[in-house]
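Contents: one structure, followed by commentary.
For reference, chains read A, B and C in written order, and residue numbers begin at 1 within each chain.
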């Protein structure tokens, strides 16, 4: 996609520039005083030997600032540079906004640059390849409904070995939660579904997996294709309304939360900016389970190895769930060690913002910029890293190999399953197994 | 060149022009931004919650009140002193109040001249620190444009010249004209440059307060 | 005490487990009555086993037999292929030749092929299917060949194999013990092992799994075991 020569359509660029040219963008672009406080907030800057070209202020001034200054009259070389900055040097983690005295939302501006690049057909191939899948199958990995349902059955069968009567309800109207997942769980980590089913069964939750709008990830959002991103998120809202569920539950995924709860309403043109159905993240729900005793942790099974918690940007900093995550970890582990910085000030793992799906061509950069995270983890001397985000999970696994960290990367579900008490009546009784099959 | 004449013109007509451009400019800019914000900045209004907005503003006004400030404490302190003195000192100078008394027959409470001297020197030192930081830190030097340096010099010029004039150092008449000229230029430029952050700060900060706090339940400091 | 086989609780006054009937062999001093009872239990267990729901389900669904042969694209799996072909011929089954291109970046559609990493496009699969077809039909030239079908997917091998086995309701999976991850480091016959894929498939498959090793590997496996590799 990016190899071919592109034809620049200035009117399209202008249209996007104009649509976004509101009071915020104007203020941000004009009052940035280039104080450089954002630079040290950015892990790209820190990981690349403090090269000033990675300072967030430079990134947005160079891209969006120049685009506005030139009123969209730019050449291909410049757009390619924008493309490189918007995807290769920024994960939209929003950490810089916490360090800007004016609170300039730099990630929002880089997102606009992404949609401008997209309008000119200039996006990383890995993201481009997911878009037709969204169009055709409604999910990024071209998983068919048949495959989804089959995998759910398979996993329910496997889960019944651990816990009696586990089922994975499909398309159940009136359930409390509509559990939306990452297609990666179906494709690569089906055990994730089995684990979720076990937790929900023990907690006696009323839940269901929908057959449309079940993919809560939204790579179209990261690809800058706002129209498609809106469709993706709207399909989810519509399904939730159709099933009359109380809330949409988001699996342990970071950017799914960002898409469903925060950016989605705008992408899908809900003028009030609020999702039509409440959005709940797994971290919040699991925290409530443990707090309310719906899931009990067996003290003898608590993890003794040193554990650290990776705050996914879109769960902690951008969704305010940092304490909930920690409470769960404290409940299931004896030796919890926090990274520094942590909570809402955590560094992005380096795989966010679409970086992981961008795949091989960006791997080298991803590993280089992930150095900061690797060093943070090493400093805690933890042996287990928990992250409630698929993206972080993949990136941490890669970092683990690259930097030889010797850690085990797990999701919250995994450790909850390991440590929770299975009530007597849910323990599978082997006698009946032969009869029931 | 007739310095006395220049002084008179700058003081009488100059201040009028400068202040009207300053106030009208800011007003027009704010009204304009408000106008376009209604359609294009829905997120600002949709998630409005002033407790978060005010928290966001106040936090960043306290020196070392945020993680960002604590990351660079010296800079934080310099910024705080620079802004505080810049905003307050001109109103508390006895010399300015005398002019006010003469023109409009009222004056604001003044501080003693020695305190004013001290504050001015503190201001100049913090301005120097900001300038030094701009040059010394590679990332800030890289980001800075000539306009950043110019505005920093321009905003400290009234204070430097004021100090020199008060102590009668150098050619008094030239310096006092320079004092007036730089101050008025600053006022005229203010609404149209990044210095407009004087007002816009409140809006951008409260926006990020709404955005992070009211919308996402997270902090922004 | 608990039964060492099925973990069922055995009462103190009993000499055997009433659930699994413990052992096939008869102890010298075992009373006739106990042996008879054990025999009955074992018989009943067997009836249960063949009447088990999954068995019933498979019986009526299976008009045709299917053998799923999983290839790793190296000649080392030819032994498994031989076994699969024999089985397919024997029971007149359809032979599905299956390969899973591994996705390294589990988020993106990038897969590992012989030419290195690439995007999972239709061309890649077509090319793979063609060469698989060519390679394996050449082996069966001038021989009675079973009905054959070539399939390819991308993903994590064991997951896709189990998924395929469930979807096609195959009767048996035939595969090699492990494969080469990195062509630069070939098979180390000194260090035989059961690969992750074979392990997971044999644990989770919905049908019997035959893992066919090459004679060389078997030999070294035996040496290893006798050298005290196992704990």
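In this text, a contact is a pair of C-beta atoms (placed from the backbone, for glycine too) under 8 Å apart; a residue touches a chain by one contact, two chains touch by 3 or more.
Given the structure is predicted, the values throughout are model-derived calculations rather than measurements.
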### If a chain touches chain A and chain B alike, it appears here
none
#### Entry: Chain-chain pair with the highest tally of contacting C-beta pairs
A-B
### Summary
When centres are defined as mean Cα positions, the distance from chain A to chain B in whole Å is 41
#### Entry: Whole-Å gap between the CA centroids of chain B and chain C
76
### Query
Counting in whole Å, what is the centre-to-centre distance of chain A and chain C, each centre being its mean C-alpha position?
36
### Query
Which residues, counting only chain A, touch chain C once they are in their complex?
125-126, 129-130, 141, 147, 150-151, 154, 158, 184, 187-190, 356-360, 363, 390-391, 394, 430-431, 434-437
### Summary
The residues of chain B that touch chain A in their complex are 33-34, 36-37, 39-44, 46-47, 56, 60, 67-69, 71-72, 75, 79, 137-145, 148, 193-194, 196-197, 200-201, 203-205, 207-209, 211-212, 215-221
### Query
Residues of chain C touching chain A in their complex?
6-8, 19, 45, 48-49, 52-55, 103-110, 117, 119, 155-156, 159, 162-163, 166-167, 204
### Summary
Residue positions on chain A within touch of chain B in the complex are 19-24, 26-28, 30-37, 39-41, 45, 50, 52-53, 55, 57-58, 61, 97-105, 261-262, 266, 271-274, 316-320, 341, 344-345
